Amino acid sequence: MCAMPERKEAVLPLTGYDREALKFFYETMVKIRNFELTVEKYFFEGEIPGFVHLYIGEEAIATGVMANLRKSDYIQSTHRGHGHTIAKGADLKHMMAELFGKSTGCCKGKGGSMHIADFSVGMLGANGIVGGGFTMATGAALAQKMQKTDGVSVAFFGDGASNRGTFHEAANMAAVWKLPVIFLCENNQWASTTPYLTTTSVADIADRAQGYGMPGVIVDGNDVFAVYEAAKDLIDRARRGEGPCILECKTYRIKGHFVGDPEMYRTKKEVQQVLEETDPIPRFEKKVLDAGVMTREELDSIAARVNKELNEALEYARTSPEPEVSALFEGLYV
Amino acid sequence: MCAMPERKEAVLPLTGYDREALKFFYETMVKIRNFELTVEKYFFEGEIPGFVHLYIGEEAIATGVMANLRKSDYIQSTHRGHGHTIAKGADLKHMMAELFGKSTGCCKGKGGSMHIADFSVGMLGANGIVGGGFTMATGAALAQKMQKTDGVSVAFFGDGASNRGTFHEAANMAAVWKLPVIFLCENNQWASTTPYLTTTSVADIADRAQGYGMPGVIVDGNDVFAVYEAAKDLIDRARRGEGPCILECKTYRIKGHFVGDPEMYRTKKEVQQVLEETDPIPRFEKKVLDAGVMTREELDSIAARVNKELNEALEYARTSPEPEVSALFEGLYV
Amino acid sequence: MKTITFSQATLEAMQEEMRRDERVFVLGEDIVRQGGIFGQFKGLPDEFGSRIIDTPISETAIVGASVGAALAGMRPVADMHFADFVGVCFDEIYNQMAKIYYMFGGQKPVSMVLRAPDGLVNQAAAQHSQSVEAFFLHIPGLKVVIPSNPADAKGLLKSAIRDDNPVLYFEHKQLFPVKGEVPEGEHLVPIGKAKVVKEGKDVTLVSWSMTMNLAIKAAQTLEKEGISVELIDLRTVSPLDKETILSSVEKTSRLAIAHEAVKQGGVGAEISAIVAEEALDCLDAPIVRVGAPFTPVPFARSLEQAYRITPEKIAAGIRGMM
Amino acid sequence: MKTITFSQATLEAMQEEMRRDERVFVLGEDIVRQGGIFGQFKGLPDEFGSRIIDTPISETAIVGASVGAALAGMRPVADMHFADFVGVCFDEIYNQMAKIYYMFGGQKPVSMVLRAPDGLVNQAAAQHSQSVEAFFLHIPGLKVVIPSNPADAKGLLKSAIRDDNPVLYFEHKQLFPVKGEVPEGEHLVPIGKAKVVKEGKDVTLVSWSMTMNLAIKAAQTLEKEGISVELIDLRTVSPLDKETILSSVEKTSRLAIAHEAVKQGGVGAEISAIVAEEALDCLDAPIVRVGAPFTPVPFARSLEQAYRITPEKIAAGIRGMM
């Protein structure tokens, strides 16, 4: 049984961060936020179909984790996968086109939001099956180990997904084989309409790590610095061959479960309050401005650049053609 | 999160046990042992077909647990289910006939060893699917709770089965709903040909209880007194509505995984040594004789009675007819 | 008769059966606060309190626990959220729920219903759009029902809950808001009986679930062209009512089958094979199956449209037989 | 040619492919110390060391991890112990392994093989005796192969390992000890092609796996009675080689199909339906399917014997067509 690291919050002084990291944090979080707001708008306008789950409010997690990953590392995402895909470095144009169901999408319009994937940046897929990613990430990590790389795989999962049997099988297997996989819990307090404590037998999902002899660490998931630092330790540990872990990021699902959710199970006030107190983007801005490590102008110019990229992606998606009917019959087998 | 009971061994003085309990312990253990030896013999003689897994060496567990159960309580068994079935009070005649594939068997010859069941004594079935019983026992316990009885359900499982996802889903569900289910681990060190530590990420499976906020207790599974006492506490607790638990009984699989197993993965010596040191039946005999709570004559007369019953069962099984072919098409639907 | 939605019809069935038999209870995800992902359980918690239970995201345990509860004397109705998730609990359905009664020599039936919303809706794509009834046709011990309209939705659900055997109840997601007439008072539809929805003399068209409604449209088009279609709503996939189909084919001499699921290995294959085995002499034309192409369900509108069965595709299939 | 057992043939296939391609590795339960539950992996650990991996009893993770490893560039061969356990990992097969290539727009195929010993053996009863290939016929994206003899066992396994698509490989437990001739040197059997094992003119008999051997016996009996049987070994269940079957039926005008699985919803239904759709005019007799009755596999000898397909049952089915 390994020693359990302490539960984490950020400790590094902001001045200890290099400027590229700070820029990556802000740019990525704003990119995700504005991407999602755009998606929401075009969903309501009837241009984006299907079931769409937004990552709004949880941007610090994908950002803080992915800042530690290489392109060659792998991630397995969830049904709420846009943020992970963006942070892993996918091209917004092909992402947006996918959500619009266009032939230029990263999955040629065959996948859509719940099945977005970009293997070119190591993003091995969103998943319509909650808890479907645990075992696949474990397998990718097995491959990394067998191939003698120091690559890692990250399995993102929700508090709700933590109750799927796949979690247990993957965690045990990864622990026995000391695989470089990070089980990355985004505990956003809700599984669809259900508060997670009503269906989950432990308050801290990271506690389940003990049952596999692996470290379980908890961080404030709305603090990108805290996420970054905790993920860094655990990812470095995995790269050194010391095995898997659970990193639980505490956050909150700001938007409805899916776009269009009537949200009859909670009050607007509850959400508003959480948003005001914990929104990771203003928190980041305040911190870096207070610490004097970035300026308002810098932040604004990053946001402006992001919005330009986003507008181009939107334009690309909207003007791209739908797939030809012939594509239906193509690509079933190699 | 509940308080974790200490790890247990027997503490009650033997003089604290009533005579009926002592007799039940000995009679049940001997009955299982001799039943299994008979089954082994007739398997090798070609009269018992199918896949057969013997409970030899693990008798103290079923016995110590079942001494705390009522007929109306439920158990879910495993592929190694004869011992559980006997200890729960099933009729040996119908059991033996089932193993011989006769129409007078408790499953009319349709089940066999891996699918033996006797609902009349609350034995809800052996299972050819390792780990298949966790969720069903949880459901039976849900029924007991909804029916407002103080009944309990026991899910027997092996060290190997502890790595099935069903364990996790059932444990979480039972914990969230505080169901009266005992997850009863028979850690016999082996999962078929595989030493359990090579595929299981914790040395003590009871440690996994922490991930569900339930007690996890470990006992010497070859000491019927220790099993009885630990099970008593936990079963009483469940009856009081205080929820599920894991009880891990450490034991050893004396025989091959199935009858006919060439056992190329371990030495005869290793087995012999364990047997000499830990066989639950001689251990029981020595203890009660040393303590003067039973006499040699008593023990012998119990064994004689058991053997008589067993011979009758054997005779019954051997002389019973095979099912009529027409039975094939009967009993698919009510 | 009153006109209500399919969703309301299932709700009435639940209410009536839960009032009738207090062993009936409901478990599934997002039932209590949302009334089920499609609102099909709305209001039940108010009347039935703790008999309506929200579960963890643990489909394996949902089905396994339902089996266990049934063995212990309850009559669970489990909700599968989306039928696509049956893979997650397939062993529990296939090796436990379906086999326990037979394999244990008839000691106790597994009296439970597994409800599973299936089919295409809103471009939900590969993992939320599937029709999976064919898997269960091949599993002895299960009953499988699949209504196409509100009246049958109510009558079959009530029969399913009362049936002592395990029943899979597939409800098409597109049907939930569809309105139709439902008889007042006690209304039961027998499991195992197909229904001749409309008599005809030139061709027998067998369908079920949402596709039945497309088949009705196809038949209307064909009537105008002078082709008289006998329409059969299968209603129960297993046990399959071959008598009704065979006697229709004896009359019409032609058979077409339309279903939303992938054609290869679909229920249409079994129906076709039964007729090719037992009534080949009656046939004046090849047996036509209209089913989905052999691909996962694609996301893009253009592709999903090309993928899905339509009245036109059904009509075209039948025209080709005449 | 040399004569080896089916089990040895699969072993040779594994050795040759593992030497050829170091991305190939094996994972499953009880492989390292026992060489697989039927000894079919015996000796591999000596040569390939850490490329032969014992897993926990976690079929879901075995398949899921295989998919993930394939996506990360390996070529796993996973062992399912008993085919009956596919229910445990059905979602991983059905919603992940089968769909990933298509659903993600062709970014990366899932290059893996899932080996699953199936069928009746030693009165193993309801949960260890099943033939489950029909489920996978209905799942687009999978290839499904099912050899009936040592030569095909080797050739199909080698082809499966080299195939970039996910392949299910069903191997009948009764076949493992069966001996047969296997060509020396590189021997590949193409996936997707059925084989005319013996030409005949009165009736086409399609079968596969263990049952193929019973079909051969049935054909010998029938020949003596003057009925000339064309025997087709399906070899691949999906994609199904309908051309070979259709052209045989065009010649013989009669079709029978024999398989060990439950008849209702079995692969026989699809074959029958294809012929009833595309070659009805050729048929001079009803299409006969010989498959297991609609019950779980019973344990008792008398019942299992009544349950199982035999050469006599196949012959009787064909006599009834003439």
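Each chain gets a letter, A, B, C and D, in the order it is written, and its residues are counted from 1.
Please note the rule applied: a residue touches a chain if its C-beta (ideal position, glycine included) is under 8 Å from a C-beta of that chain, and two chains touch if they have at least 3 such contacts.
Everything numeric here is computed off the predicted structure, so don't read it as measured data.
Across the assembly, the mean Cα position most removed from that of chain A is the one of B.
Note: centroid distance chain A to chain D, computed from Cα atoms, is 41 Å. Work out the mean CA point of chain B and of chain D, and you get 37 Å between them. Between the Cα centres of chain A and chain B there is a gap of 45 Å. Separating the CA-averaged centres of chain C and chain D is a span of 30 Å. Chain contacts: chain C has residues 55-56, 58, 60-61, 84-85, 88, 91-92, 95, 102-103, 125-127, 140-141, 294-296, 298 touching two or more partner chains. Shared interface positions of chain B, i.e. residues touching 2 or more other chains, are given as 105, 107, 109-111, 115, 127-129, 163-166, 169, 172-173, 176, 198-200, 332. Contacts between chains leave no pair untouched here, as each chain touches all the others.
Every residue of chain C that touches chain B in the complex is listed here, in rising order: 25, 50-51, 53, 55-56, 58, 60-61, 63-74, 76, 91-92, 95-96, 100-109, 140-141, 143, 164-165, 239. Chain D makes touch with chain B in their complex at residues 29-30, 32-34, 37, 54-58, 60-61, 84-85, 88, 122-128, 293-296, 298-303, 306-307.
Per the touch definition, chain B reaches chain C in the complex via residues 74, 76, 105-111, 115, 117-120, 124-125, 127-129, 132, 134-144, 146-147, 153, 165-166, 169-170, 172-173, 176-177, 330-334.
Of all residues in chain D, those touching chain C in their complex are 84-88, 90-95, 98-99, 102-103, 125-127, 134-135, 137-141, 238, 240, 261-262, 264-270, 272-273, 275-278, 280-281, 283, 285-289, 294-296, 298. Every residue of chain B that touches chain D in the complex is listed here, in rising order: 49-51, 101-103, 105, 107, 109-112, 114-115, 127-131, 160-161, 163-165, 191-194, 198-200, 264-265, 322-325, 327-329, 332.
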